[in-house]
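Labels run A, B and C following the written order; every chain starts at residue 1.
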């Protein structure tokens, strides 16, 4: 049981870490508050499902199923998230702070509403079940283990790419843009372009994570992609200390572990399970408030450097 | 190539109803190519606002700013900077999370500064060459020993010199300095004075806002005096010094202080 | 044509409700300087307090509503004191993100106490008033009347009373207000009470005109945000105007497109407005 708890935590933790690490790039380094993270995640998951599933039959209401191999679907997921980031980022990035937060939030809600109402995309609220995925058994691997490994690889790859991006003259430009846009502009830097680049670059891994999520759950439905995903990732980011890639990953792992552990508790009645879920929500919220209030990680880091 | 590099024509800037720059009929003056123009006036005369209007930080409510034949009104700050205009700010601006050296490196036009170059790791050669340039600029402003320091450890005066260094590496054709000596200690002021004379000698056009008139009048070859956003007087430093209107409005009071 | 007019009328009612729900949010934004995502949860607190008193304890609706509104106002004040005051120095972004945590905590508490399912208040069935072929229920009319009364009294309070003027001074320039001898603590306390009380009123209205479930707060925050962005987080009058615009746009849209898209219309309007005027309908332009 402990083994399966650890494995599940690692699997979902690594997958959501991709989101947290991307958000960390956007927020901590790019200075952009994206409250619509779930939309890029959903775009990836839906793109994967649409590209890989068989053409519609029977009760299906979706219009398109390309029946392509999984890796084409995976690439399509990255591209979908990227395109969605360009579409949403280009007009909104001139907005600052809270306005950007609100607009990205609005975009995510609009997207969610379209997925829910436009049945030709993915069967509306029913969603698409039995999403195709590579079967690790072909290679003689355990299913959960293989997808846990895949999630970890995606997470490490994302972290590595972002690290490489930032440890370069480009990273310096990103920091300069974040620190003082007018000063960066005054030496001829196109800060609008830098902001859009960061926004789009960090959306791509979120799309890949969406595809992986669709593979793991074998289901894409609007109910899986609500604003709660966005808030979850923000809370994980705050838990982890929002400055470093490692912190973002640890924060996500801790939060996923906490939620999975609560889910492991056996409950007698539906009502008590419900209460446990609510209490979990309350504790998550309070943890979040406490972390932002006292910022223990920042303090620890400061102590470590001085 | 015309003799005028920068031209303000009927420039007016209003914030809500308050006219910060422009006076009665709009601000109009020319800046001579290779000239050293001092821009002076009492506090609130609109000097910094004028700089912001030239560099694109603010858009004029009316009138045009022309830089070497190009109308700047529809251009962004970065585009104007790209034409060869450099400037510093009244309150020095630094990139807080970068080191002193990196603060200067940002000023350089860098061919391998994009995300692709970063991913491919193809930037180290260019970076080395440019680091040399940045260090030379830091040497000139007297901050070379501090190059690996965090900018939060610099004094106000040192931050000003850092801003100058960031502009120096860009080799702008015209450089606007906003109160460059404020808070700068005498040693660094000497360096600054040397840098400005060198730039002037190399043909860089300079516009300097300065309250330290002793410093400014010894370097400038012409002076524009602003008052309440309008042009009060314009001429050679010696003429300005004797202008009764200027003395009444500004010089007299400030000289005694 | 009559059907269209009916949609417009319903839209005005929706708009009036949105105004009630948004005033407090917009007020917090102006005075405290941040977007309080947890504001909508206060609507839920008030609605379910009313429900508990009315349905479980069998109280009459009026005392239930009154107690619920006062209770909500003090819950809002307590949260403001305990959670937001200590983090004000971290700036609006941290406060905004913290309010998500607050929303989680309140939402989870309500879920735990009340559970899922649909609830209704114990009040007489609505009766319809008909005129010119249009129809409006007495409860809908009540929402419109309360919105007008609430806006008018708030405007009066802000412009005439000493505390109101202090609040306006603080929203314009907090440092200056403090240096002019305005009691910042007291003013902030009044702000929390008023904005949370407004949320309480809106919550009761929600219980009166609709059915209740614990996820209402979440649906409301979307529309509140829409109205607030549209208003440019500006004055009371901008909130009134944009509440009506969003309400009417949402209900009239049903005329042409499937009803499922109704909430989406609010955001379509918002995105359009932000793209054309980034500072909102009434916000003042800033330097570039």
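In this text, contacts are C-beta pairs under 8 Å (C-beta built on N, C-alpha and C of every residue); 3 or more make two chains touch, one makes a residue touch a chain.
Only a predicted model underlies this, so the values are computations on that prediction, with no experimental measurement involved.
Trainee: Report the chain ID whose CA centroid sits closest to the centroid of the full protein CA set.
Mentor: A
Trainee: With contacts counted as C-beta pairs, which pair of chains has the highest total?
Mentor: A-C
Trainee: Based on the averaged CA atom positions, which chain is farthest from chain B?
Mentor: Centre of mass proxy via C-alpha means gives C as farthest from chain B.
Trainee: Where the CA atoms of chain A average out and where those of chain C average out, how many Å apart are those spots?
Mentor: Measuring from centre to centre gives 30 Å for this pair.
Trainee: Distance-wise, how many Å sit between the C-alpha centres of chain B and chain C, to the nearest whole number?
Mentor: Spacing between the chain centres: roughly 49 Å.
Trainee: Measuring centre to centre with CA averages, how many angstrom lie between chain A and chain B?
Mentor: Roughly 44 Å, centre to centre.
Trainee: Two or more other chains in contact with one residue: find those residues in chain B.
Mentor: Residues 57 of chain B each touch two or more of the other chains.
Trainee: In the complex, go through chain C and note every residue touching chain A.
Mentor: Against chain A, chain C makes touches at 34-35, 83, 86-87, 90, 92-94, 96-98, 100-112, 115-116, 218, 222, 225-226, 228-229, 258, 260-261, 263-264, 267-268, 270-271, 274-275, 278.
Trainee: Can you list the chain A residues touching chain C in their complex?
Mentor: It is residues 33, 91-92, 94-95, 97-99, 101-103, 105-107, 109-110, 113-114, 116-117, 227, 231, 234-235, 238, 271, 274-275, 277-289, 292-293 of chain A that touch chain C.
Trainee: Once bound in the complex, which stretches of chain B touch chain A?
Mentor: Listed in rising order, the residues of chain B that touch chain A are 55-57, 76-78, 81-82, 86-87, 89, 93-98, 102, 105-107, 109-110, 112-115, 117-119, 121, 123, 126-127, 166-167, 170.
Trainee: Spell out the residues on chain A that touch chain B in their complex, using ranges where they run on.
Mentor: These residues of chain A touch chain B: 161, 164-166, 168-173, 175-176, 178-180, 182-191, 197, 201.
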